[in-house]
Amino acid sequence: MHTKHRIELIIERMAYKRACRLLEAAGMTGYTVLPALAGFGGGNRWQRDSDISMARDMVVIVSIGDEERVQNAIEQIESLLGSHVGVVNISEVRVLRDERF
Amino acid sequence: MHTKHRIELIIERMAYKRACRLLEAAGMTGYTVLPALAGFGGGNRWQRDSDISMARDMVVIVSIGDEERVQNAIEQIESLLGSHVGVVNISEVRVLRDERF
Amino acid sequence: MHTKHRIELIIERMAYKRACRLLEAAGMTGYTVLPALAGFGGGNRWQRDSDISMARDMVVIVSIGDEERVQNAIEQIESLLGSHVGVVNISEVRVLRDERF
Amino acid sequence: MDIVASTLLSPIILFFMLGMAAALLRSQMSVPEAFAKGLAIYLMMAIGLKGGVEMSKNPLTIEVGLVLLAGAVLSFALPVIAFVLLRFTTKLERIDAAATAAHYGSISIVTFVAASEAVRASGLVASGHMVAVAAIMETPAIVSALLLALTGKQAKSIAGAERGELFREVALNASIVVLVGALAIGWIAGEEGTQQVEPFFVGMFQGVLCLFLLDMGLNAGRGLRNGWRSLGIGTVGFGFYMPLISAGITALICMALPISVGDAALLMTLAASASYIAVPAAMRLALPEAKPSVYLTLSLGITFPFNVTIGIPIYIWLAHVVAN
Amino acid sequence: MDIVASTLLSPIILFFMLGMAAALLRSQMSVPEAFAKGLAIYLMMAIGLKGGVEMSKNPLTIEVGLVLLAGAVLSFALPVIAFVLLRFTTKLERIDAAATAAHYGSISIVTFVAASEAVRASGLVASGHMVAVAAIMETPAIVSALLLALTGKQAKSIAGAERGELFREVALNASIVVLVGALAIGWIAGEEGTQQVEPFFVGMFQGVLCLFLLDMGLNAGRGLRNGWRSLGIGTVGFGFYMPLISAGITALICMALPISVGDAALLMTLAASASYIAVPAAMRLALPEAKPSVYLTLSLGITFPFNVTIGIPIYIWLAHVVAN
Amino acid sequence: MDIVASTLLSPIILFFMLGMAAALLRSQMSVPEAFAKGLAIYLMMAIGLKGGVEMSKNPLTIEVGLVLLAGAVLSFALPVIAFVLLRFTTKLERIDAAATAAHYGSISIVTFVAASEAVRASGLVASGHMVAVAAIMETPAIVSALLLALTGKQAKSIAGAERGELFREVALNASIVVLVGALAIGWIAGEEGTQQVEPFFVGMFQGVLCLFLLDMGLNAGRGLRNGWRSLGIGTVGFGFYMPLISAGITALICMALPISVGDAALLMTLAASASYIAVPAAMRLALPEAKPSVYLTLSLGITFPFNVTIGIPIYIWLAHVVAN
């Protein structure tokens, strides 16, 4: 078991490809994007099935990698987040198969 | 980077608005709800696409906030969970943009 | 509040039932499966809505349990992962209602 | 019997059986939930519109009012019978018995549609206002069952701010909104006004129903395969005899009502059918401790297949006996 | 007026009102997003094909070119007017005003369809190339609004590699791809070539529209209920008077154009309608700081209901005045 | 040639090309997966029912049995040829070559449908039992390819408890369940019994196909754009010449079979088509180490577009040569 860092980035669905490109550029070897169903932030609630434009939909991007790359990725994401509504959190996790990261 | 707490609440889809209202009441500044596809608990399996009533569907609510509010939220959720089938876990994470929480 | 371990297993949708069976066999009392929308790994990107075969879809399995069972589960999953493309991570979390795990 | 054969060999029922067989053989195929929910909304719109258009052709009479009243009373009363039977003949806990009882007092709109087809196929005529009866029977059973559950000690679970939420779920769930709304729209717009939407809502109806019943078969089969172990033999039996009891009671009521054979057959079917969409959802809110594996397996895995195959021909036959 | 009654009592609008009422009464029902998006694609295919087939019957004339040009100019110009009005009469920030302005310069294809039905119902004729006008009006408003936003200091947000992404979202979004594509296919295949797909794309159209408008009503009502608090009275008012201003300006232009009454009514409707699918998505990419709760509540919660109920009859009446 | 033009200019193919063009131009539009999967189930039901109804009109003859047998043999044998070609002409690993071979032995039902339309459009007649041939050809190729893969050392991967799961996925996947089930239902219910569902399953078929092919075009284009870099030139070439080889071999077999021109064209199309729904899913279970970016890019990104545009006219022409 090896210690890695896990980024969890909650961001607008429309902007997720931008964030993904940043993760790739920062050298992360993989990520997975999960759809959200509903949420609340800044005093506003949203719900996927009540908005056909998808303009308020959010997704959660999970990416696991070693400390250095994650640090790298976070710096880039920080600037992206300047204009977007996302929330990002990082935690330490243990993983199998170190060679994959 | 600032340390925050991350609540992850797995609860019935039909009841998620109740849980969300508690989170809002506890002062959490945001949360995101993810749909689940399938699951297992109490000896029973369920699958989203095999149940048109959605009565067994679960969702995962993720909410990040400071320790105090999370503590506050958890107390409220504990009473809600008395009758519901949810599972809740809390972990420590680091976040960007402290001012948003 | 009690300390438990949280497994997060990212695996092909087609193979998730195999992983679930292993978790059940390892004595985990529950798990929840979340659908993914898109992802990147091994140099390839995928997107759910661009592939009607679902052959590239991934899911995220979250399962919370006590240390011993999680250890047990991980050993089994390690062998499953031999042939599958999954990523697995483990973290420590605090939970309510110890008796449910 | 001829009705039995023509019911069992109609494409609708054959697709249901196909789905059920596939699920029991453990095929992994499934109809995506979002698609099936969309079809369900279509079906309720189509049923409501049809009923509304037909109602617009005839004046509302006292006879219609009596049938509506009979429906409401049945929906209130049947859960009490179901609850007592479950408590005496099975080991189900009070709360599971009450939740299950709610399902059997309420109705299954797909069973209603299947019966409407069978009624038409056997040369009978059914009235448009039976859709209104279906709508009216959705809710009282839930209220009735909650009262049964709350006489126990779980009372706290529906206190406070959640009552509003529960009320909206019970009174404004998708089935009721769409069914009653489409009924009203059909009534307002009338035959002429709905002519342009007829190819979609009338022409496609039977076909969409096939697709939907394929999914229902998959759901029913899967529910049965996963759930039957958690049910005792008494509970399984209940899934078979309760519809017959409900239909029998309704038959008695029909003898006292000025009701046509076709309408009587549909009223019996409504009474005999068990909800598997609206009520399970409401129960999750109102009685979260009740086990879905009990009530869903019973209503969807046992009673629904029983009704659409064997039940409906029985109810039509019974209608010939009690009405005229 | 007769048009008003027949518009308001058509099943399409009644289903819209049903959805809106259900949402305002806080019903939890919803149409799954995946299903609604599928229906939206169907509708755009059907509209495009119909327009293309009709265009294939007539040669392209200079008159058609003039109407297309008028549409493009309106789409460019209206956001400027909307922006100025919002900045002077409301407290919206520059970026929110610009994002909102983009919506009002662009168009709502469902409003267009509802107007087409009303035009037809009132005995007028509309041309196939109005679909091309609709397609052409989708995009210029976005460009115009971005220029307005960027004259402020947010300029950095659309720099660099993101411009390509934004261009593709704006020029190749689903509405434009499907609408323009289907228009071309209808044109190429002609009446004969599309005969086989007619039962689906023509026969089902009105019915699918009912289902879609039920969902639109739910969305609009929910948007309104959640969002109205965040809008000042001036902003709410804008949602009502801006469509009238747009239609009025278009009416003036129509007086100078060789345009039929039916086409004029549609052009006014296009100008008066506000986007709630393509533009919000583009704004999320281009101006992520702008608040969706402002522009979506306005366009979907206020202007869309206004247009499909009261607006369209007004525009048809106005078309009789200015065109012939 | 006339067939080529009428194939290429039919709305179905034009919508496919629209989708492909949009994806290659990097439009972000997409058809939600849940909706597309729902349409796929509809299409398979419609195809199965149609075949079944037609089969119910004619007795089953030895000739039919021979064509079914030919289909099964082809599905078994073609993967061997594909595998050998891939191993000798490309750098693909054994497991990737085997997984790809499975796709080319199995069939694409949408290609089959497109060919059926083209056959009909060129004045030929095809038999209902060709749907049964399609169903029979789905599976043997998978078995054959697994044997090829397992003669290597990956043998362990299909051991133990997973064999049952794999068997169910292969023998009871959605395509087979729905196709064979609907075929049987069409056969049982016959023309009269399915009359009520005809407006949905026959009338809508062409239109739904347009919508589905728009999505297929998007998928194919996106697959091609993302995947072509990971394929060598030899592998890309295989995607073009393998369908021709399969069709050629089938042509030889057709010379020995008592088969009509229309049926021969369809049999060649089935042989030439490559699976992109059922087989990829099965490969993920059976050979998870094989790369989807190889086999999906080939079957969906190259062979499918090739077949529906150029291939089908060639096979129809070839059918005229070998059958009569």
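Note that the chains are named A, B, C, D, E and F in the order they appear, and that numbering of residues resets to 1 at the start of each chain.
Basically, a contact is a pair of C-beta atoms (placed from the backbone, for glycine too) under 8 Å apart; a residue touches a chain by one contact, two chains touch by 3 or more.
None of the values given here were measured: they were computed from a predicted structure.
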*asked:* Considering only chains that satisfy the touch condition with chain D, which of them also satisfy it with chain F?
replied: E
*Neighbouring chains common to chain A and chain E, by label*: none
*Call it same or different for chain E and chain F: same when shared residue numbers make up over half of all numbers used at their interface.*
different
*Separation of mean Cα positions, chain F and chain A [Å, integer]*: 38
_Residue numbers of chain F (touch at least two other chains)_ = 30-38, 199, 203-204
*asked:* At least two partner chains per residue is the criterion; list those residues in chain B.
replied: 34-35, 45, 91
*asked:* Strictly by the criterion at the top, what is the full list of touching chain pairs?
replied: A-B, A-C, A-E, B-C, B-D, C-F, D-E, D-F, E-F
*Where on chain B is chain D touching in the complex?*
12, 14-15, 17-18, 21, 44-45, 47-56, 83-85
*Spell out the residues on chain D that touch chain E in their complex, using ranges where they run on.*
32-35, 37-38, 41-42, 45, 49, 168-169, 172-174, 177-178, 181-182, 184-185, 188-189, 193-194, 196-201, 203-204
*chain F partner contacts - residues on chain D that touch it in the complex*: 9-11, 14-15, 18, 22, 25-36, 38-39, 199, 203-204, 206-208, 210-211, 214
_chain A residues within the chain C interface of the complex_ = 1, 4, 6, 16, 20, 23-24, 29-35, 59, 62, 64, 91-97, 100
_For the chain B and chain C complex, residues of the former touching the latter_ = 8, 10, 34-42, 45, 58, 60, 74, 77-78, 81, 87-91
